Amino acid sequence: MRKASVGVFKLTSCSGCINELIYALVKHPELLKLIEVKYFTELQDVNELTELDVAVIEGSSIRGEHEEVLKKIRGLSKVLISMGTCATLGGVQSLRVGVDVNEVKKYVYPSPEYVDAYSDVKAVSELVQVDLSLRGCPVNGDALASIIKKIVVGGWPVEVYESLCAECKRAGIECVVVTKGIPCLGPIVSAGCGALCPSFGRGCYGCYGIKDKDIDVGKVFEMGEALEKLGLSKEDFHSLLKGYSMSLVKSLKT
Amino acid sequence: MLAKPLTPLPAVVTGVIDEAPLVKTIYVALRDFPEPAPGQFNMVYARGLGEVPISVSDAFRRGDRLVIAHTVRSVGAVTKHLTTFIEVGSQVGIRGPYGRGWPLEGMEGMDVLIVGGGIGLAPLRPIIRYVEARRDSFGRLFILYGARTPHDLIYKHELGKYTEIPNSVVKVSIDKPYEGWTGYVGFVTDLIDRIDLDPSRTTAYVCGPEVMMKVAVRRLASRGLKADKMFLSLERRMRCGMGVCGTCQFGHYFVCKDGPVFSYDELMNYLWVDGI
Amino acid sequence: MIFMMYEGSVRDVGKLLSMLSSLLNLKVVGLKYVNKSFTYGELGSIEELPLSVEDVQAPSSYKLVEEGASARFRHSFPSLKYFLYPPAQEVLYIDKDFGLREAKVDYGNIALFGIKPCDLYSMRVLDGILMNRDPYYTSARSSVKVVVVEECVKPSNVCFCGSVGTGPGVSSGFDVAFARLSNGVVVFKSGSSIGADLLKRLNVKKAGDRTVAEYGEAMGEALKSTKVLPELNALTNALEKSINNVELWNKVSKKCVACSNCNMVCPTCFCTEFFDEAELDGSARRLKKWHGCLSYSYGLVAGGHFRPKLYMRYRHFILHKFLFYPRQVGLIGCVGCGRCITWCPLGVDIRETLWEVFKSVG
């Protein structure tokens, strides 16, 4: 069996998903026997930008250079995967969208003129065709390993679109909204994390992004109203939507 | 109840035919497997990836084994794998046969009208085999078949042979004009108006995309066919094949066990309700 | 003798529980309330039953109050299906040579203890769909040898079992039923010869006229409080007539965000998805998980979608319970427990939906 050539690339992100990927590879070392890592700067010193069976992208695009690199990678890859919420939906850096980027830079960097960034934050799918999107901040390492295995054996994951609540209830976790009145975005957020926050008695803040398949602006509004009654201000709700669902917010159906 | 109702039987792939772009027919050989009736389906399992419901498009004995044909179109995760990676000698899992097939017993003496769209011809092919094997018991055999382009027609190698079946009428259409195509251009359902139909002695068997079947029902009704003489094979999300996973519900029917074949009078209250 | 009525105390309920294990050698299973959380499991003693807490329920709200002896508990989100048809199960292991190993379910011999009439009824509904078809349910269900029901003397704000004929009392399908009256007296009745024998051995006295009268009064009140829906035949007719009223279904599902909590907590929702886990050596595991009809995937097929709009899936949830179950299994599929009302984070209330549909046909 020919080894699958793989490249892992990082745009703007915190490397948390790349860490999850490395943990997954450490936990399933047998995977390394079936893949040939061509490009992965966090893992090896010698890297080569070449034709790939699978390209994995972490992070979102914040400057023209990112867009060019992405297009180049797309051209070289058979399969392109956006890994994590930044790559798939924009990620936390999207909080600055709508604010003058030069203003934002001043708050963070002593010499803002060295930072090349445009005002927008773009998810990978806004720039190139994506074959598989994985959400999560960070992605779920076990799910990642499971998907890599499927692809390596010649398959593809069967996607199921459901809310976090489905996972939460299946896990037998008592609903934090209904029993404690804690604001939780779970009902409109995609499943995938295994209901991590609610299992510790916390509300979901939506790091897997909102369900875009069956949620329109009206439904987001309904949810916002319900959350406001539980004490989550409109501003905070909007921040969570921007921070974790930016590319979906841009395209929400009215 | 089967001893192990959710456990597929391992089956070896004995043949693969390229039918059309993205469409292949996969033959598997099985021992100790019940003979499927025309219109029934199997759950085909790709190890580690999932199961898909696929109509039986042919079945015959070879020695002590039963060979079953499944015509698969590459549309989802599992079918993509089946049409890309599966070759002669590969192993797949098969469970079945499931569901209620086409009513053929008791239809002797009737004219048989087959209306198929695209890959919808697959579950209809066993009817052709059935009638051919009992040619004197049935009246005329009409085969109306259409696809988007000439390339998308399946069973190209035998479409021509259907005309050799005594007392048969075969009409093939494609949706849009195509270079070199001299046959009918238009929807397959148009062909219903172009045959000499005797509604009092005809049973219609229809399979294709749901929109096409709805048009077919209207056309057949306008030609005078009664609702209990039109039969449709429905597609739904199916995970178990025996009415327990619930995902194939259509109104109060479980398409997998109450169907997939229904007479139009059984469907009348639901077929026109969007998303029921 | 079957259908005899007896009276005793809560201590007798405890004795009955221990008799089931000591005398009949059964594993006693019920809704345990331990460390302030609910799970279905083996009951060590009556202490593990929620006998001194009361659930205060309302749309999107569930609170527990400690009320001592006067507390009357109805239910929490886990219904009996959590036990009989678990949320996630491994069903198959396939080794690298395509050798198949089907998962086994062995529950031993079980007594269900303290289940409510609504949950008892849900078992009948699930039987109609799954029994002798789904091997795991069939095996779990067949392990149930004795059923002890607690009748609901004081239904909750969300209960409407009386409207669908599933409670608050029971008349069949159980071995022993008990009801805790407000004066501390516990009424026992037997519904089978096993139950009759158990009560004989329990040594409780025959219920006196006064107790019988009080029981009748309490259950009558309870029934009245749960009759909140339009008359069932008229309601099903209205639903039938409204199938294609898209505007109506959009209206009643306006608040719904398709989170599928209702599906998960509904004691009769049984829909499941299958998943595969591939291993690199060629082996694989096949798993089964609950899947709700409100979720977008429901009706989705490769290359198309049969229920793409949310109202279609919400409508299926409602129609399935009231129109389709009766045609599928001969029973109404909604048991009137109200869990879908309480556990809906957006407060969608099935009672309001049904009234809305009923009123729409005039």
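General observations
Each chain gets a letter, A, B and C, in the order it is written, and its residues are counted from 1.
Going forward, contacts are C-beta pairs under 8 Å (C-beta built on N, C-alpha and C of every residue); 3 or more make two chains touch, one makes a residue touch a chain.
For clarity, every value in this text was computed on a predicted model and none was experimentally measured.
By number of C-beta pairs in contact, B-C leads when A-B and B-C are compared.
With centres computed as the average of Cα coordinates, no chain lies farther from chain A than B. Note on chain placement: the centre of chain A and the centre of chain C lie 38 Å apart, centres being C-alpha means. With centres set at the average Cα position, the gap from chain B to chain C is 40 Å.
In chain A, the residues that touch at least two other chains are 149-150, 153, 155, 158-159.
Chain B has residues 48-50, 76-77 in contact with two or more other chains. Residue positions 273, 275-279, 282, 291, 297, 300 of chain C are each in touch with at least two other chains. The touching residues of chain C, counted against chain A in their complex, run 37-39, 60-63, 76-78, 82, 87-88, 254-261, 263-265, 273, 275-282, 289-292, 295-297, 300, 310, 342-343, 345-347. In the complex of the two chains, the chain A residues touching chain B come out as 149-150, 153-159.
Considering their complex, residues 91-92, 94, 98, 100, 102, 129-130, 132-135, 137-138, 243-244, 246, 270-279, 282-284, 291, 293, 297-303, 306-309, 311-313, 315-316, 319-320, 323-325, 327-328 of chain C touch chain B.
Those residues of chain B whose C-beta lies close enough to touch chain A in the complex are 46, 48-50, 76-78, 80-81, 84-85.
Residue ranges on chain B touching chain C, taken from their complex, read 1, 4-8, 10, 47-51, 75-77, 79, 91, 93, 235-237, 239-240, 242-247, 249-252, 254, 269, 272-276.
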